[in-house]
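Next, two complexes with subunit A in common: one pairs it with subunit B, the other with subunit C.
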Partner chain A sequence: MTRLRELSTGTRVGLVMVGLTVLLAVIAPWISPYDPISTNADNALVGASRSHWLGTDQYGRDVLSRTLEGGRFALLVSLLATTLAVLVGTLVGTLAAYHGRWVDAGITRVLDAVLAVPAVLALLLIVSVFGNNLWVLVLAISVVYIPAVARVVRGATFPVLSTDFVTAARARGERSLAIIRREVLPNILDTVLVEFAMRASWVVLLVSTLSFLGFGVNPPTPDWGLMIQENRTALTVAPAGTLAPIVTLSVLVVGLNLAADGLGKYLGVDRARRGVLR
Partner chain B sequence: MVRLIGIRLGTGLITLFLAAFFVFFAVQALPGDVAEQLLGQNATPEAVETLREQLGLDSNVWARFVEWLGNAVTGDFGDSLVTGEPVSSTIWASFARTLLIAIPAMVVGIALALLLGVWAAARRGSRTDSTVSVLALVAMSIPEFVVATVLVLLLAILVPVFPATVLSGPDASLGELLPAAVLPALTLVISMTAYILRAMRSSTIDGLATEYATTAALKGVPRRAVLWRHVAPTAVLPVLPVISINVAWLLGGVVVVESVFNYPGLGKLMIDSVSTRDLPVLQAIAVLSALVYVTANLVADLLALAADPRQRTLHQPRGRRRTAEVVR
Partner chain C sequence: MRTTPVAELDGLTVSYRSGAGRVTVAQDIGFSLYAGRTLGLVGESGSGKSTVARTLLGHLRDGSRIDAGQVTVRGEDVFALSGSALRQLRGGVVAVVAQNAGQALTPSLRVGAQIREALRVHGLPADDDRVTELLRLVRLPAPETIGRRYPHELSGGQQQRVAIAMAVATEPTVLVLDEPTTALDVITQAAVLALVNDLREELGMAVLIVSHDLGVVSVVADDVLVLQSGRAVEHGPTPKVLGDPREDYTRELLDAAPRIEGVPAPEVREAHQELTLECQDLDVRYPRAPRLAVSDFNLQVRRGETVAVVGESGSGKSTVATALAGLAPVERGRAVLRTGDDDLHDLLAPARARPAAVRSAVQMIFQNADLALNPRRSIADAIARPLKVFGRVSGRAETRSTVLRLLDEVGLGPEFADRVPAQLSGGQRQRVGIARALAAEPTLLIADEITTALDVSVQASVLDLLAELRDRRALSCLFISHDLAVVRNVADRIVVMKDGRTVETAATAAIFDTPRHPYTRSLLDAVVEPGSTHLPSSDADARVVRLDPAASLVEASEGHWVRDDEGAVTT
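Take a look at the complex of A and B:
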């Protein structure tokens, strides 16, 4: 449905940036020159050389290999968590709008109450209690983002509900879920897609923040957030160890944001105005 | 009008109550209760049972919720499990230190974002506009811990102007905290400005396209006056919710910033309490954050009511109301 030629330069640049990062992360195990977790104390904190293009970190691990493989976990968690959050959020948002009145008022209050508790606090507590296993992280992050998605989708659903085709479907006696699936969803798909691209960028940021704080992946698994945390003390001695993950992480998130902006413009959803609920 | 304010206040209170409810029961649902955590894994079942009785943990969970909430309303959140001191005094001291970085960040960030937003919108499509827009996009794409790390590299290591960390923790004096507060505040400014700037730019562009802006321009009002006197004040209205969300977000954002700079504020307290599982402190922080969130939203709502007479009618025609919902 989206023809590539109609997309703006910014959007294309964004898509290329995201594609490149994802591609590198996927093929990383085959192209990394070294084992990202094998240590070599004699070769710690060396600068860039022919054998180690980006040097090594304090344990003598190859920075290039760690950077290449460092996105795999974050990307997997982000993809799963964003998908789950957008799916459930869309369902809750449309149901709240469809049923209106007390159901809507109740759901809105509950969503607002969940939004009021800081996401980082909830996540840190959940991870510290249940461990940082992949599914715990995915579930916890999606729960944190479901209210924000639901609120945006709920807002986008109201105008669709007052259209004649929804009234006709109601008059035919169709069930609420059937109406939501067949009549409402196709008409709010643009909002949902932009929401997905936007959430993805925030989820990536949140996952790397968790790793940075030490609540994401377990060392010695390579991860960008963790690498920045581990290597920033050696910032002046071996800057590549901190800068390389910063660059890859930024390329990914800038790319996601450019793509989300372009997608929003293309589909006529004003993102700057709406994209406020982190 | 009074009724409308009453309704907003009421919903705010309900949200706050629900948030406290969730926080309390989420903590209850965690595996292992306070007694087990206090005594550690090697405790005998009898000892755990005795402590449970002393702490009143074996009474009904609803009764404990009512008691906890009743105390919380008066500002009493019980004692910390780690230090044994009252939670409220610890929290308020940390919160005050967080405000030391949050309030300057808020004032500077909001002012900067609004000005730059209007400025970029007035030069839409020009090189300044694209520069500002790209910078904003980059600023919102880079996580706070990266901004903080880069700022430390630039302003604490390469050009040592400000200290990178607070060494003496919660005992630091005000004279020691003030210089240490600059870099954390700067990090927060960079992170929060981007969103408000983008919203303000978008809203001003819409404002410049309205009929009243065209009318003013056709009457011969100078372009600068059209922009700042006719367009900008109205354009701030849709940005108010964005600002309130960002202000509330500051409290979550400080977790990262304070942990990088080892700044003894609420965020640092949060991280420390998570690692020690100091549940009463965490409950109190969550409730305080919810209070900030609700207050920020309420203030934004009331400001919008004060500034925009269109929002003051309670029974709006349905169509109107919906457009307002969509914008949000």
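Take a look at the complex of A and C:
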């Protein structure tokens, strides 16, 4: 498969950044020094010390523990929502391109209509109506991003459809889904993968934005967006409480972007031309 | 007679970086270009002919470098020139015409403006008169007004003429033509080549023409240099090299070139009597197109017979193929297919509505083998798919053995099964395409321009393979081509099409011996082959054959039908 040596330095740095954030979020419950939600009023807003490496917030909760655990929710939502959005978006995009004419025109108009609605606004509305449970968020976010994915995939599908191997499959009388799966998908997989990495970084930011606005995670639960919102008033007294989640969030998003970029360049060079089958 | 050369290549060796090592693309190449003379650079793809030609412009592809030798134009070493001097050389002293004029012209600029730009870049007067003069020089119709058109409003041949006008605008010393006619049909090709000859005489340029086609070189070049994998094989005056080749490789190239003159007509093969395919009055129209792509098309193909459909681009010949494969809607008419067990099937339904027996009975082989195979799937996978779709085999082991048998049948070893298309050469890919078509066990094989993208030697072997398979399996074959010379050796009968209509249909020998329609005659006149020196006029529009909408096909002699347009011989 992908040989690490062939990747550029930027891509490798990006992958390490993403990998590190995800790894920390996964093992957080075992390595956090304190319970992230236990309060201690006597110890509020202290600076960095040996017992609290990053100090505490206004309720005396350990900032390091909260930062470590704060990514779990956002990452889980992002992973689920991005996967769903890319899967459905790819299906919709390829189907629209394959069937063309009125099917394509109809689907594209609907996609455009959804694209025209500002993402944050739509999510705020959905969350305030249906509540902020995990699946509501996942569904809402994927609905918001499906049109963007579908349009990109649709564009990538057109050149593949005009090739003779698709014509041959049509002449064999194969069904549209069989043609899409066998002939089209392997040839647009690079676009889909890059699309996944790009969307993931947007979704992470979107989830954190929601939490920051108070529509994401319910307060005692640690979350980066929520932490920034809670601690920003104490920025001058105990900066670590705001800066730590900002840094981790940035590391993740910058990492995702670097990885997506590098992956795009790596896959953009046609692997088929190099004779790499798998 | 020889004066000093205007450009010279001396012991030129070029290599490029590939992985860890270097690959030599040109090895010790040397030639001289003289004013008013044409040198033809001939070779198959990968022979380094384009690389060599472009060194005259001081251009090397990224990662390439000159290991030895030098290129001098008018006494100056081009690779030692400064940036501004090199820009003056390019276009000013050495001009190039690229293969595909459709891509060489900017689609959003009027062609007159593009010619004006070529003049202005080199500080030459660029008024309307000069542009008109250049358009007249390249024999474009209505030179006063055609400059106001956009490239897409011109035909392929006219686009190539505009590209030539841009190249000669600066009255260059050397004109480099890189496969200038490969994308054109035969009639346009002949006219463009004649134009190149005229311009060389009028402007006294030295011309370097790069081509894979010995016929093209034969009609325009005074001298020929044959290249094989970066090495010069043979170099000398054209009549000598092509008439009495000294090297085996040149002889091979000459033998492989399809010919019309000087070779005996293919023997008439015993035809089976039962009809495989019968079309009556087919009309095909693409969705919402104002004009029919094909009208009143009649065709009968017997079992084991090969019928060629010949015509220029836009004549509707490929549309016939797509319609029979069920991929273009038939507006009117009747098409019946008889499969092996004497079942009659209607061929008008779209592919997805046809029963599996019909879909497997009609198989296509495509023009561009690069695009005909999914680059992400192995060869075995590509061939196994029709086996599976049509239920020809069951189980993995049987699939595998059938795939290997089919590969063997098209002359490929079992080691090819697990490769991907990128690891195959063009000819091998086309063989895989044939194997995939055979996997469905077809009755009718539709071959759509299958040799256009191949080198002559490969082309010959693919045609031989097709003929052999056709005889062994008693396949009926519909062979679509723009090239009469290719068709001559494979077809039993020929249908000549123009503007969606059949203009002449007859047995192969009859078409070549007594062409009755003026269009067929101009097609035959335009064929250039090694050894021919004569070209029709450079003025393409003088020989346009117009079809009379009221004309119809009449039987001039037995089995020889011709459309009774003006100029047709019907008795």
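Just so we're on the same page, the second predicted complex is superposed on the first by the 268 of 278 C-alpha atoms of A that agree within 3 Å, B and C clash if a C-alpha of one lies under 4 Å from a C-alpha of the other, contacts with A are read in each partner's own complex, and residues count from 1 in each chain.
The working rule: a contact is a pair of C-beta atoms (placed from the backbone, for glycine too) under 8 Å apart; a residue touches a chain by one contact, two chains touch by 3 or more.
Keep in mind the model is a prediction, meaning the values are calculated, not measured.
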{"item": "Which superposed partner A:Asn133 touches (first subunit B, second subunit C, both, neither)", "value": "neither"}
{"item": "Subunit B versus subunit C as contact partner of A:Asp261, first or second or both or neither", "value": "first"}
{"item": "Partner chain(s) touched by A:Arg232 [first = subunit B, second = subunit C, both, neither]", "value": "first"}
{"item": "Between subunit B and subunit C, more extensive residue contact with subunit A", "value": "B"}
{"item": "Set of subunit A residues, in rising order, touched by both subunit B and subunit C", "value": "270, 272-277"}
{"item": "Residues on subunit B engaged by subunit A in the complex (per definition of touch)", "value": "11, 14-16, 18-19, 21-23, 26, 30-31, 137-138, 140-146, 149-150, 152-153, 157, 195, 198-199, 201-203, 238, 241-242, 245-246, 248-249, 251-252, 255-256, 259, 270-271, 274-275, 277, 282, 285-286, 289-290, 293-294, 318-319, 322, 325-328"}
{"item": "Touching residues (chain side subunit A, partner subunit C) in the complex", "value": "163-165, 167-175, 182-183, 186-187, 189, 270, 272-277"}
{"item": "Residue numbers on subunit A that touch subunit B, as the complex places them", "value": "109-110, 112-122, 124-125, 128-129, 151, 154-156, 158-159, 162, 201, 205, 208-209, 212-213, 225, 228-229, 232, 235-236, 242, 246, 249-250, 253-254, 256-258, 261, 270, 272-278"}
{"item": "Contact set on subunit C toward subunit A in their complex", "value": "325-327, 351-352, 354, 356, 359-360, 362-364, 366-368, 371-378, 382, 385-386, 389-390, 419-423, 436, 440"}
